[in-house]
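Each of the two complexes below includes chain A, the first together with chain B, the second together with chain C.
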Partner chain A sequence: MSDTPFKNPGFAGNTGEFDLTEDQVRGRDFVPSRPLEGGHPSGTASYPYMLPEKHPDAPLFEGAYQERFEKLLTRYPDRRAALLPTLALAQEVRGHVSPETMDEVGKLLELPDAYVRGVATFYTMYNKAPVGRYLVQVCTNISCNLCGADEVLAAFLRATDTEMGETSADGNFTIVEAECLAACGFPTCVQINSRYYENVTPRDVPGLLERLREKGE
Partner chain B sequence: MAYPYVSDREVRILSKHFGDPAARTLEGALANGRYEALKKALEMDRGAVIEEVKTSGLRGRGGAGFPTGVKWSFMPKDSGKPHYLCCNADESEPGTFKDREIIRWDPHQLIEGCLIASYAIGAEHCYIYCRGEFFEASSILAKAVEDAYQAGYVGKDILGSGVNVDITVHIGAGAYICGEETGLMNSLEGRRGQPRVKPPFPAAAGLFGMPTTVNNVETLAAVPHIVEHGGEWYRQWGTEKSPGTKLFCVSGHVNRPGNYELPLGFPLKDLIHDVCGGIRDGNALKAVIPGGSSVPILSAEESEECALCYEGVIAAGSMLGCASVIVMDETTDMVKQVRRMAYFYQHESCGQCTPCREGSAWVTKILRRIEDGRGKEEDLETLVEVTTQMTGTTICVLSDSVAAPVQSSIEKFRDEYLALIRRGERVGAA
Partner chain C sequence: MVTLTIDGQEVTVPRGTTLLKAAESVGTKVPHYCYHDGLSSPAMCRLCLVEVEGAPKLQPSCVTQAQDGQVVHTGSPNAEAMRRGVLEFYLVNHPLDCPICDQSGECKLQDFVHAEGREHGRSREPKRVFGRDDFGGDVLFYGDRCVMCTRCVRFMNEVEQDPRLTVVERGNRSVIDTFFERGLDGTNWSGNIVDICPVGALVSKDFLYKQRAWDLDHTPSICPSCSQGCNIDLHTRDNLVQRLKPRTNLEVNAHWMCDHGRHNYEFMNRGDRIEAPLVKEGDRHTEVGWKEALSTMLDRAREVGGTVRAVASPFSCNEDLAALKAVVEALGGGEIVYRLARAEEEIPLKGMPTLARRRDLAPNGTGADALGLERVGDDDGTGGLETVSSHDGVVLVLGDALQDQAADFAGGASLFVYLGTHASEAVQGGDFILPVTTFAEQEGTFTNRVGRVQRFWPGLQAPGAARPAWLVLGAVASELTEAEPANTAAEAFSRWVASNEPFAGLDYASLGTRGASMNEPVSAAGD
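Then we have the complex of A and B:
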């Protein structure tokens, strides 16, 4: 049931010779979504697909998320090791990791505030400030760059009328440059929230943004 | 055909089921013979499993090419401490895109490899460290691990053998340096992913201070095949020093980029012109990076005779790394691409070592200046000098990775730098 309206973007290797659906390639027929409470403890750290609605004031944690947080703790010999997955959980519910969120996570794990801030700011995937509903990360590293990634990045900025890192007026899009996403054979690779769009050309950009506006991911 | 990138010159062992969605399910995996090697391994002595892998000559696929069986034999026998296995699925070397394909198409192959390796080194817990961007791949992996737990292949008393192995899928948060094995361990412990000074080596004091082995996804995925068919069987492919098959990730200016599984020693020329359908638009080849952005660039002439095995690429003047072949045609703006690579390392430097932190920033700045037509001829000497000081002087080899593309490009494409400096001209620019 692929409804990719383009020849290319949407999934790796869709060169027209590919007779699989998008869901089959992405494995969404196998894992439609990960359960909010994390499923088996072994996979608790892996994300369910990012929640569409973020609540910057959501509690850390309650309900399914509390359950998931507790399962996480069972997988490591100390609480510190749960720090990265816990920050990711916090970002999942709140949309970004503010300094206050870092401190709260520190309390949960009994780690000093300064330590947690030092760790959280080391990693690029924690958004330190709010981003648009869609965080568009365009790989401009070498393999994609050789195939025109700079033009793809420019096309996204043009189509959303933003500067790099800025959120569009309608709150939908934040465009940033990304380092290699490990999909170099399918240039240009663009990560939008949790999903990779491969083989993206400047021509595809307006349609891709339209698809996101209308149908979500 | 389902998976678009195939060639009849491939030997598909690890990639046999790429493009078959059924291979992800436990039933599909069992039908493909997964977990047979695990049963066999569990009946063998731990030492015998290590011997078999040593016999195969399998070398680490994460970049350094260290013999896997030898690495495993460094693990203590009766330490009385918990041992750990870390599967390195951080895949972030520019040009590399094989581990994600293994994970998302055939996750049980990797899980089986993790189980066998854990058994061999006496680890009761294996962490699979996936880079944070792999939402889809890690979800597939997490589901597959869950299925394997339910069927009794993972967890306590695996298949009634008395052996316990837990597997946890752990997710990173965006930092190339967490692919370095000690950076990975720090990151897993909830710290900044900064590499550690060695010694102590991971086999003595690694994750949580315990004996640890770190192996790449592709390395571990090869293990079940070796255990099932024997080490000698694996040696029917490849060369004496580089046995077996390897996934080659080809990107850049070829007609059919993608992952191709080929015997090691395969001619680079044939990979580009035959397997990958040649250079796009019938252009001429300019340069090839044979092993990901951290290795020296080969000129078209050097690539002509290059055999894709560890020793063959060294003989040609570069390194096989993780076999990420980046192909550049005559339209390539070399200075711009080298600057882009240097920028990457500047961005990803963890900042602990002065030569790396300062050097990568300076190199990027100078390259940017040359690119913008404001360079001076002395800049080339400065670049060589700075990158020389960045080589062999730091905690990890990220710093050396800056030197490789910069020095090799200045040596081989000096004219292009000079043209830009003298006349502000650049190749390939519109």
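Then we have the complex of A and C:
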């Protein structure tokens, strides 16, 4: 991606222990964010993918997204089973799953609207309300908590001047608490959109936010 | 068949029976919330766990099938300790607002905690609060009281098959809801979710804060709102019907009833009743005693003679209609007609093809047909009485309030006798106006659309001197034919109803609370 030294890939702050380029770490084919037009249909939406650009009124689905939707339907025995990835795809397009989105997804999959709501609200990874460009999920589960996740969370809230779950005034950040992100070896772990930032300390927070604001993910 | 031991009692049940039903057959009620006879069992309430010897853990009795040689303990220390623990968890967030909760007195959580729960909860956390939510229709939802048994969700999914309800959110925050503001409006059977809710989470708006459950008397009855003949209980207090609840009869309505029938009870409580026999003297009516009224009427009837034209009502029971038929025959014969309002269409219950709100909006049209009465008039239950109104002989009217008829109804009749509950304008010309009871105030039988004859019992006191029509007409018929009068509904049934071919072989007592079909009677007469 670039030849500039990528300090501590996946880490928030530069501890000086690594001096590698991002290409060296991630490989030359790494695509930092999915192209807005939907990407290749082989990449189905079976994994959650969050984009900084959110289009709450985007249609469900068209273009490459329509292709991906049709592709994922073929991977499940019935339409009910395809509900989770379809909701994930809808969230990728629109940034969050609104009541209208649930209704539309229900119609697409011929499922009762109430059922779609029940499923969408069961899972915390579907955003039920609009979020900022960057959804910052701070793990406060055991490992991270022992290593000061509460302070990290407080630092994020202080730096963005928001309450938990609220979007900052500039529309950039929404800070939420997350349960275990499965990076217990690198506490505190913070997931920002689709990317993990590990070993985050309160000191790293302002710089991290600054970097996101200026350069993106 | 498999044989197993439940609490030391040996019991033989068909293969596939669940432990819960097997225990029920020996009189042991295993506490449960999520299991309901009319729904699938998700085994999620964890209250019906019982100890099965040899099984490593307690087994959910609502889904565990009985096996040969099984030894089951429903009340072992293990099972009881588990239930105590589960109930304590249920109470962690339950508001304990029993004093203002409509379900209090018929609440399963209340019952089970009283029976087996701890005296004090140990939770020190604040309870989470949802408040209440109007689901539309007749249903009000108190989220805090919910025990998440999901009976309501399953009823809407499996029985009404209009999946409007769902569990929203998860864990501690989970709550029953519809799709945002969409609600339950437009559903026709959602009143049942109030019945099957084991706690006070779903309550009826109609019954809200109206009566306490323990003050209500329950009288088995038959829903009068259509020809389906759903078995119901009249819940009464202060001589008023407070609400209707379905009564389980797997052959007619299972556990359900429609909202149309459920809320159509106010007419049973209507005041302004005819309370004493009235005899016309000149241009006004005078109150008289029954004896005088009937003897004067008999004298008049013998005097004028002539053919009879009678109007009956499909809201009258078989006994009433048959006694009317006997009177008409004793007076020299004539025709009896009845009018019946028909709805535009049926309201089916998708999960139960044999149950629907039927088009005929009266309980006993089939009984009237079986007794040879003729249906006249339009589908809105009006018209069709021209020949009766212009008749110059004896005119008898039973039950039909003649709301649509003019004041000069039967003006040319030699004798006009009206037996009913309310006096409309058309009745004012009656020579005799006799007060009779509604179905809620008397014993009798209705015949539903498939010919099932079902008994109902009196839940209300009749006002004033009102008497069952079969008693009044029976006395008249007995007098005319010089027979013994029928003093009970059973006698009226065997004397006048069972003598009609379609009802032959039916025995009043053996109808019981479940009824019997007139095509295949439970026991032949003379058995």
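Basically, the second predicted complex is superposed on the first by the 171 of 217 C-alpha atoms of A that agree within 3 Å, B and C clash if a C-alpha of one lies under 4 Å from a C-alpha of the other, contacts with A are read in each partner's own complex, and residues count from 1 in each chain.
In this text, contacts are C-beta pairs under 8 Å (C-beta built on N, C-alpha and C of every residue); 3 or more make two chains touch, one makes a residue touch a chain.
What you see is a predicted model, and the numbers here were worked out from it, not measured in a lab.
Chemist: Just chain B (first), just chain C (second), both, or neither: which does A:C180 touch?
Modeler: Touch status of A:C180: first partner only.
Chemist: Given the touch rule stated above, what does A:F122 touch, chain B (first), chain C (second), both, or neither?
Modeler: Both partners, chain B and chain C.
Chemist: Applying the touch criterion given at the start, work out whether A:I192 contacts chain B, chain C, both or neither, answering first, second, both or neither.
Modeler: neither
Chemist: Identify the partner contact of A:V93: answer first if only chain B is touched, second if only chain C is, both if each is, neither if none is.
Modeler: Neither chain B nor chain C is touched by A:V93.
Chemist: Which partner, chain B or chain C, touches the larger number of chain A residues?
Modeler: Here the partner covering more residues of chain A is B.
Chemist: Check whether A:T140 is in contact with chain B, with chain C, with both or with neither, and answer first, second, both or neither.
Modeler: A:T140 contacts chain B only, not chain C.
Chemist: For A:V200, select first, second, both or neither according to whether it touches chain B, chain C, the two together, or no partner.
Modeler: So A:V200 meets neither chain B nor chain C here.
Chemist: Name the contact category of A:L208: first (chain B only), second (chain C only), both, or neither.
Modeler: In the superposed model, A:L208 contacts neither chain B nor chain C.
Chemist: What is the contact status of A:D78 with respect to chain B (first) and chain C (second): first, second, both, or neither?
Modeler: So A:D78 only meets chain B here.
Chemist: Shared contact residues on chain A for chain B and chain C?
Modeler: Comparing the two interfaces on chain A, one with chain B and one with chain C, the shared residues are 118, 122.
Chemist: Could you please specify the touching residues of chain B with respect to chain A in the complex?
Modeler: Where chain B meets chain A, its residues are 1-5, 19, 21, 24-25, 82, 91-97, 99-100, 104, 130-143, 145-146, 149-150, 154, 166-176, 187-193, 208, 249-253, 257-259, 289, 293, 324, 326, 328, 332, 336-337, 340-341, 344, 347-348, 350.
Chemist: Any idea which chain C residues touch chain A in the complex?
Modeler: 163-170, 177-180, 182
Chemist: Across the complex, what residues on chain A touch chain B?
Modeler: Checking each residue of chain A against chain B gives 13, 15, 17-20, 24-31, 34, 39-43, 45-50, 75-78, 80-85, 87-88, 109, 111, 118-119, 122-126, 140-143, 145-147, 179-187, 191, 194-196.
Chemist: Inside the complex, what are the residues of chain A that reach chain C?
Modeler: Listed in rising order, the residues of chain A that touch chain C are 99, 102-103, 112-118, 121-122.
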